[in-house]
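Next, two complexes with chain A in common: one pairs it with chain B, the other with chain C.
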Partner chain A sequence: MLAVLPQLIVSGIATGMLYALIALSVTVGYRATTVVNFGHGDLVMAGAYATFVFVGSGLPFAPALILALASLFLFGVLTQRVFMQPIINGPHLSLAMMALAIGYAVRGGARLEWGSEVVILGRPYDQGAFMVGSVVLTMDDLVISGFVVALLLTLAIVFHITPIGRLIQAVFQSQRGAALVGLNVHAFHGMMWGAGAALGAAGGVLLGLLVPLSPDLGVYTLIRGFAAMTLGGFGSPFGAVVGGIVLGMMEKLLGFYVSTVFIDITAYLVTILVLLIRPSGLFGQRATVRI
Partner chain B sequence: MAALLELTDVTVRFGGLVAVDGVSLTVSAGEICAVIGPNGAGKTTLFNAVSGNVAINGGRILFQGEEIHGLTPHQISTKGVRRTFQNGGLFPHLTALENVLVGLHARVDSDILGLLLGTSAAKRAESAATARARELLDLMDIGHVADHLASDLSGGQQRILEIVRALATEPPLLLLDEPAVGLAPHMRSQLVAIIRRLASERGIGILLIEHAIELVMSVADRVIVLNYGKKVADAPPAQVRADKAVLEAYLGHA
Partner chain C sequence: MQLSKTFYALAAVAALASPALAADNMQGITATTIKIGNLGPFSGDAAVFNPLNFGPEAYLRYINDKGGIHGRKFETVFADSACNEAKGIAAAKKLIYEDKVFMIMGNPCSGVAMAIKPMLEQEGIPWMGPAANPKLTRPTSPAMFHTTYTGIESGEAMAGFALSNPAIKKIAIVEHSNDWAHGYCNPASDFIKKNGGEVLTRIAMERGSTDGTTQALQVKTLGAQAVLGCLYQPELIILLRDLQKFGVAATVVGALGADFDQTVQQVNSPAAVRDKFFQPYQFKAKIGTPALKEFEDMFVKYLKKDELPKAGPPTNFYYFGVPVGIVTVEGFRRAGPSPSREKWIAAIESIKDFDTGVLADTVTFSKDKHVGVSRMYAVGLDKDGKQTVYTAWGKPLPE
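For the complex of A and B:
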């Protein structure tokens, strides 16, 4: 039984990378606007479908991916400016409902177009596997982990080292102070909502490498994203990433050693247990979230 | 001299409460105006109205002859009206230097792409901004804590830092909300010197709220007294000191 442990951990990390990306994408929008995007899963799904459409129109995979991410970024910016910003000072519940409604509308659009079809995005590389010692590394694991790690490193550098990152940190830390020095905080909200949508879309595309696309693709993922955020500490970007990776490993370990049922329910169990025992999660500062 | 800032009959209501009641005032370039008054007299609300943090219900606010009421805080800031808050305007987890740099960068939004791509022009601008920020921090005697997090500075240093950040872009008008609160006596006299120098050497118009009457009397060219949202005096310090209405506002009917 123990001989399988390294394999489970490696596969768990690869899956967890995907959850980490989704959790981080929700966190970006949340930190900027203090609104949790309950419709985020549908943007994840839309990212996968958009890539599928662009590939179908004859583009190679990489440009199709970039175009899809850019489209979702614009969609995020626009929906934030048009639907969220006008009510930004209203009750948080209205904002959360608005985000959810936008998500439902996107999902409705996908159902209208592809509702009864099975859609396969497919891989732009050959499916294969390598043996490292006794551990099997699939190409999927490598591509997903490599992509997410590269993305996270880029984001970390932008956030911590560049002047742009400093402006983003400034707005995260004090919106009043940011407006005071002449930063357009409203425009910033839109940009961050768009950035969150694009990151989520990237997660959707990675997911689409593994499973057939369906309009409900994002819902399944978003639960994992929320669980990862809760585990890592709601609102902490670092926590979101660590939470995602730990959740991925827990699913594999519990699924193998206890029961395969756990693959589907670990996210719920983690959410419940963390909220009961340590509501601020591993790296969180605030124990409660207004919605 | 043409007025830099001109308020005409400005009124701000919160529900039934009239926080600022038909106040008119002007601030000229290089002039230091102090706003004083008992707690709840409407001083901070008046500031918030000028900086765009609250909407006005009547009157108008002109800055350099241009209407600014109805603009957002960041637009007003970009036009050259900078302010400090009593608390909470700093970015606590950035260093003192970075706080000032953010203030400088906010001005160059057009070059955001350059900053992101690290073009050489953007790099030059960045190092020039850094040099300038360090120079300002040195000038205000907090250069030695430039690389400390803002939240680790003493209360007095945080105040000075807020002023430095507001000044970094050389705004024509500076609003200081109780700049001397929590300052040790030697820092206070330093602050007075700094405020004077900004007005006389750089021609910056300064509007400040302050409770420390001695500081107000020593630094201000003109003192405006508010009581229950109304302006009850507007005169040089010596004259205000002797004014009957002012004594009443502070001490009640004698």
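For the complex of A and C:
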């Protein structure tokens, strides 16, 4: 039974990378606006379908991906400006419900077009498998992990080194203060909501390389993303990534050594346990926010 | 004497009141039309199954085009259940009490079918559908009929095909944790145990899974020679892909929640499916061959563009749905020019060895048997990648 342990860990990391990207994309929006986008899973799904549409129209995969991410960025900006901004000073519950409603609307639209069929995005590379010792690695594992690591490094630079990162930090800490020093907080919110949507869309595309597309594609993954955020610490990009990877490994290990039933419930168990034992997660800061 | 008067008065009131409670036994029938309710998942995450509603609908339109039955044409009222019990009950109520349909046809979702069963029984509304839950018609319900295979027939066919390979004894079951999956895999498990096989494990793979590593490694570690996958299409594709990834050589037999052609195409790896992946097969011949060509032509001619697949020919689910329409119509043909619910039910129960022209088995009903078919084949790709229908392991059905 222990012979498969390295495989479970490696596969767990590969799966966890995907959760990490979803968690990271929610975190970006959350850090900028302090609003958790409960409709984010549907943007994940929309990213995959947008790429599918662009590829179907004859574009090569890479331009189709870029166009899809740009479309979702624009969609994110617009939804923030048109739907979220007008109620931004209302209760956070209203904002959460609005985000959820937008997500459901997006899902409904996808169902109108693709509700009756399962479609495949198709990989732009050959799905080879490699043996590293006793561990099987696939191109999917390498592509997803490589993409997420590259994104993580980029975001780390953006958050910690560039002026934009300092602006994000300023808005996260005090929106009023940021506005007083001349920052256009509204525009900034829109841009970051768009960035979160584009990152989520990237997660959707990577997910679409692994599984058939369906309008509910993002729903199942979002709960993993939330669990990863909770485990890593709300608002912490690094924590989101660590949380995703740990969650991915836990699912595989509990699923194999205890029961496959745990694969589906690990995310919920992690959320419950973290909120009870260490609400700030592994890397989050203790803070009081309205939700 | 006083008691007797009261008794008769109450009896009279009850007699007058009862027609208002139960649906009129001619409800939905006019001199020129027969109104049928077609209940199905036209929206929601199970909309992929709605070809099971359009298959029978194509047949009703075909019959209408031929002049109808005894001078009456079929008029279909579609209702969306979204495969959700609450929505399904509301939709069925609308069909029965507002649209006043004669019967409900279609209804591929077992959960919804079970949820509306008490209402159908109370109102005496006939039901003919492809929902796989055996409890719908076992024990028999007076007006409910399965002219397609339930989970029992399909589950036993899955296990039977695997065990027809003399080299297969150890079998793992991978399934969703829902009624639909248990409807297939419980009978399959019983069949394996009764017929000299061994169920090594029953492991869960839930809806929305993005990875089947854990399940594939368990199958490999336990040394299973075959896997029965009571899974919907997306998860079945993932399982097949990951079994291949980890070099698991086990034969995989999937349930009918996936379309065979689409599954093979979407796994996109010949090595993962050739001579390895099979499904119970409901039809008398291969789809696309002359024996079933008339049905393909019918679907294409009588269904609207948005009722057909966006690309490619009509899929397995259209063919699986069409017997529901064929046998429903046969009931009206046999019920004569003045049909009522009682006559239609009696007509259906009189059907013996009826060839639908599409199913692998002929249809036989009786008063005590409301599941009309049992024999199934299996479909798979042979070593050369040619789609083949098998009567048992290594025994292709003559074309």
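Everything that follows uses one rule, which is that the second predicted complex is superposed on the first by the 286 of 291 C-alpha atoms of A that agree within 3 Å, B and C clash if a C-alpha of one lies under 4 Å from a C-alpha of the other, contacts with A are read in each partner's own complex, and residues count from 1 in each chain.
Here is the rule we use: contacts are C-beta pairs under 8 Å (C-beta built on N, C-alpha and C of every residue); 3 or more make two chains touch, one makes a residue touch a chain.
In this text, all values refer to a predicted model and were calculated from it rather than measured experimentally.
On the superposed chain A, the positions of chain B and chain C stay apart, so the two partners fit side by side.
Look at A:Leu276: by the touch rule set out above, it reaches neither chain B nor chain C. Of the two partner chains placed by the overlay, neither chain B nor chain C lies in contact with A:Leu2. In the superposition on chain A, contact of A:Ala179 is made with chain B only, not with chain C.
In the overlay built on the shared chain, the residue A:Tyr220 is in contact with chain C alone; chain B does not reach it.
Of the two partner chains, chain C is the only one touched by A:Arg111; chain B is not.
Look at A:Ile120: by the touch rule set out above, it reaches chain C but stays clear of chain B.
Of the two partner chains placed by the overlay, only chain B lies in contact with A:Arg166; chain C stays clear of it.
For chain A, the partner that touches more of its residues is C, with chain B and chain C as the two candidates. Of the two partner chains placed by the overlay, neither chain B nor chain C lies in contact with A:Ala62. Think of it this way: put the two complexes on top of each other by chain A, and the tightest Cα contact between chain B and chain C is 35 Å. Residues of chain C that touch chain A in their complex: 43-45, 47-48, 50-51, 177, 203-211, 213-215, 217-218, 221, 233-234, 237-238, 245-247, 262, 265-266, 268-269, 309-310.
Residue ranges of chain A in contact with chain B, taken from their complex: 158, 162-164, 166-167, 169-170, 173-174, 176-186. Chain B contributes residues 51, 72-74, 77-78, 82-83, 85, 88-94, 98-99, 101-103, 105-107, 109, 112, 115-116, 118, 122, 126, 165-166, 169 to its touches with chain A in the complex. Interface residues of chain A facing chain C in the complex, by the touch rule stated above, are 1, 4, 7-8, 11, 15, 18, 111, 115-118, 120, 122, 127, 129, 136, 138, 207, 210-212, 214-216, 219-221, 251-252, 255-256, 259-261, 263-264.
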